[in-house]
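What follows are several structures.
Okay, so chain A shows up in both of these, paired with chain B first and chain C after.
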Partner chain A sequence: MAELTLFTYRKGDSLLHLLDVRCKFILLCLTSICIFKAHFSSVFLFIFVLIFFFINCRINLLKNLSGLAFFLLLLVLMFISRSVALPGDPVFTLFDISVTKQGMTDGALMVSRFFTIMMAGILFSITTRPASLKNAIQWLLKPVPFVPEKRVAVMVSLALTFLPLILRQANQVSDAQKARLGNLNKNPVKKIVRLSIPLLKKTFVSADNLAFAMEARCYDEDRTDPEFHLSGKEGLFFIGGLVLSACLVLY
Partner chain B sequence: MNKPNQLRMTVYAALFVALIAIGAFIHIPIGPIPIVLQNMFVLLAGIILGPVWGLACVAIYLFIGICGLPVFSGGHSGIGWILGPTGGYLIAYLPAVVATASISKILGQKFSGNVIAMVAGSVIIYALGVPWLKFAFSMTWTKAFAAGMYPFIIGDCVKVIAAAMIARMLKPVVTLQPQNKTA
Partner chain C sequence: MKTPLIKIENLNHSFSDGTCGIRDICLCIDPEEFIILAGRNGSGKTTLIRHFNGLLHPSSGKITLNGNSIFKDINLARKKIGMIFQDADTQIVGDTVFDEVAFGLENLKIERQYITKKVMQVLKQLHLDHLKDRSPATLSGGEKRKLAIAGILVMEPDIILFDEPFSNLDYPGTLSILEILIDLHESGRTIIVAAHNMEAIIAHATRLIIMEDGRIKKDGPPKDLVKTLERFGIKEPCSSRLGFGIQPWQN
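The block that comes next holds the complex of A and B.
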């Protein structure tokens, strides 16, 4: 569960925690799209804004960077491949492969954009309760035709409850296999099948039980809409977000 | 579809959303590259849930990932991960699940038919994932295939066979029983 909880919700009462989830989500999407037009100056502005919010939420980002190792590795690879692939003035040449100045600038820009989006996403996950995220999903899908938003919201919350259950059962099954020396089996197909079949059977049985329980309690899709609590600063954040997006596109 | 079955399909699809998310975390060490079970669960979702619910399930998985729940591999989330270098594989799950479900339905959900359906699904995943990787890294086609496809082919063959066996054993557990319930 440790891997899953790394970037999940943490309790707090910072500005972002209190902000309405719909506002946060719309601003996150807006800035994530706008940043692909951005240059260095506006990306740095965005990073400063994010650092301010990280400090405001009292989260030590440096401590958590180890969880991002894979992502950082991808970014390094991206930077290297960009700086080698783009033609331009060579900075230095190694085994007939020249690293160009244009390539390095372009690579650095790409990497900084992806890094910023990632940071913004992490900030969003840390400050947003999964339940309120579910409510926001329902609210956002309401105007979309042909999508039963209430059923989607139910599915999201069910999936969230299944996650820890499945992880626990997967651990149980693999422990049971080890106790019976199942890990000595070299056949990969058998390995997967022997892990998956008991796991899936168990989880489907609990899913069945859940469906029966919901039916028995007269579950119906026609439910009351969720309530949202505004913190009163949404307007300010919206204006700030729009200004930031404009900066990202223009500079 | 009657009401109890719809509720059960809702619960099953939610279960598969969770399984796909978990699939990114379950590693089975075989050889140098550990096998990740995520795409196996995507293809299984297609075979067991059918095209419509399978598509809904994958769409919800991607959607909650974009919305910021840490369900992508390594506990990542957000629109950045979808637009990032490995995003093509994730987007490809959508057409892959529909193709797998439809082919398996047409071929009558036999063992061999399921294998063919899942191979088609895997091909779709690579057909979208590898070009995406190529343009994100601006590398050559040879390198893109070497980094994004060749190392995983053996693992995928293993997964497809395993998934077909699982589908055969799981089908009786998951079949809907409308005759038992009169709604």
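The block that comes next holds the complex of A and C.
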């Protein structure tokens, strides 16, 4: 159930694992925005930085690329559509559709930007516990008016714990129906209705129990603030991140 | 005369659909008792114990803790009276074992330093400390039940209510929960266990209360009542049935 995918947290003690989540999260957002202004040279600079961190947390990206097959396919399609859509000097023409030089350059740039963001995202999710991401979101939402950041944090953590439970219940319901040959009915609408009614019922009962369990443990929105661990390198990373973002925007 | 720890007077509860959950319950509980609340499914055990910490409001009657109504300071009552629910899955709120145990203390706005110390101490006590960063969804049934107990123990309750603590557990799981129950009782806590199968715990109980149709039918020392159990749809423990009296379940 809790399969190890490219996006799940892995234990470790690399630089990024130890870095404060807030710093990591802010830098991820900042560089992801700035990269849409970037050109080849700075995108490659960013990729080199990312490769360094992948090596630092001992993740073999090449081994894991199969998990990204769909995403890579999407990138290829993006490249193709870009290269035929942009007007310019034709490189070759097939059935009246010409692939242009400008299009190919533009496509390649766009693909490399998306690829880089993806890599950065993977790196972030591998090195960050979902629980500490939740804490970072709570901390960042604190200065935003009218957003009850503690309630948001509790909701995020409930979603994180309840998703696996709901998925497991869905599997149980579906298995129970297969056991009574429910799979012989090929009508997809009927199938969904029959799956969702018992599942919804179960989910509501679970939610009711959960509400009781939280109340029994004195649930209150005014709670102890989360704790963050500084690794002492946040300043360095912050400056590095800012320099990188500047490069991305300028070059 | 000294005041009892918990005193329940003429408690009635009807659900919103008119079903009568419990009727005319009168009960006094003294410190350091180990009570089994027995009864067949639907006899009102869960409904009754959910009144102890104010999760359900009585239709009539009152409950006092040390002479004060529990609704006077509901958070104090919930801190003093811990409750472990029947379904371990739906009472888990945190996304890691550590966060799950810390939840109650965070609600009470205890300072972070104390929380960390207390949570680690309880995790060690229940031999869960090696799992502290795991997601609760990946634990076994017995570990989940222990986790639920840990989440209550951090609040240092005087009275602990268990709703069917042995349901869905295998033999080692049952044994380890049984050991925890005995330890908790020996350390001076009042234990109340709602169960329809008392094979494992009856030897350790100091008092047996039998419920039927929302009413208390019998109340007394286990050895006096054990022969009447089957009249109320509860299985008589094997040792007693074979004429050996009440024997401890584990050696």
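Just so we're on the same page, the second predicted complex is superposed on the first by the 245 of 251 C-alpha atoms of A that agree within 3 Å, B and C clash if a C-alpha of one lies under 4 Å from a C-alpha of the other, contacts with A are read in each partner's own complex, and residues count from 1 in each chain.
Note that a contact is a pair of C-beta atoms (placed from the backbone, for glycine too) under 8 Å apart; a residue touches a chain by one contact, two chains touch by 3 or more.
All values derive from a computational prediction rather than experimental measurement.
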{"item": "Simultaneous placement of chain C and chain B on chain A, clash or fit", "value": "fit"}
{"item": "Touching partner for A:Ala216 - first (chain B), second (chain C), both, neither", "value": "second"}
{"item": "Touching partner for A:Leu45 - first (chain B), second (chain C), both, neither", "value": "neither"}
{"item": "Broader residue contact with chain A after superposition on the shared chain, chain B or chain C", "value": "B"}
{"item": "Which of chain B and chain C A:Leu158 touches, first, second, both or neither", "value": "both"}
{"item": "Chain B versus chain C as contact partner of A:Ile117, first or second or both or neither", "value": "first"}
{"item": "First (chain B), second (chain C), both or neither touched by A:Asp225", "value": "second"}
{"item": "Contacts of A:Lys11 with chain B and chain C, given as first, second, both or neither", "value": "second"}
{"item": "Partner chain in contact with A:Phe204 - chain B first, chain C second, else both or neither", "value": "first"}
{"item": "Touching partner for A:Lys191 - first (chain B), second (chain C), both, neither", "value": "first"}
{"item": "Chain B versus chain C as contact partner of A:Ile137, first or second or both or neither", "value": "first"}
{"item": "Distance in angstrom between the closest Cα atoms of chain C and chain B, superposition on A", "value": "6"}
{"item": "Residues of chain A contacting chain B in one complex and chain C in the other", "value": "130, 154, 158, 160, 165, 205, 210, 214-215, 219"}
{"item": "Partner chain A, residues of chain B touching it in the complex", "value": "4, 7-8, 10-15, 17-19, 21-22, 25-26, 28, 30, 35, 37, 40, 56, 60-61, 63-64, 67-70, 73-81, 83-86, 136-139, 155, 158-159, 161-162, 165-166, 169-170, 173-174"}
{"item": "Contact set on chain A toward chain C in their complex", "value": "1-2, 11, 129-131, 134, 154, 157-158, 160-161, 164-165, 205-206, 209-210, 212-220, 222-225, 227"}
{"item": "Partner chain A, residues of chain C touching it in the complex", "value": "50, 53, 55, 75, 78-79, 82-83, 85, 87, 89-96, 99, 103-112, 115-116, 133, 135-138, 151-152, 155"}
{"item": "Of all residues in chain A, those that touch chain B in their complex", "value": "3-4, 6-8, 25, 28-29, 32-33, 36, 67, 70-71, 74, 77-78, 81-82, 85-86, 114, 117-118, 120-122, 124-125, 128, 130, 133, 136-137, 151-152, 154-156, 158-160, 162-163, 165-167, 170, 188-189, 191-193, 195-197, 200-201, 203-205, 207-208, 210-211, 214-215, 219"}
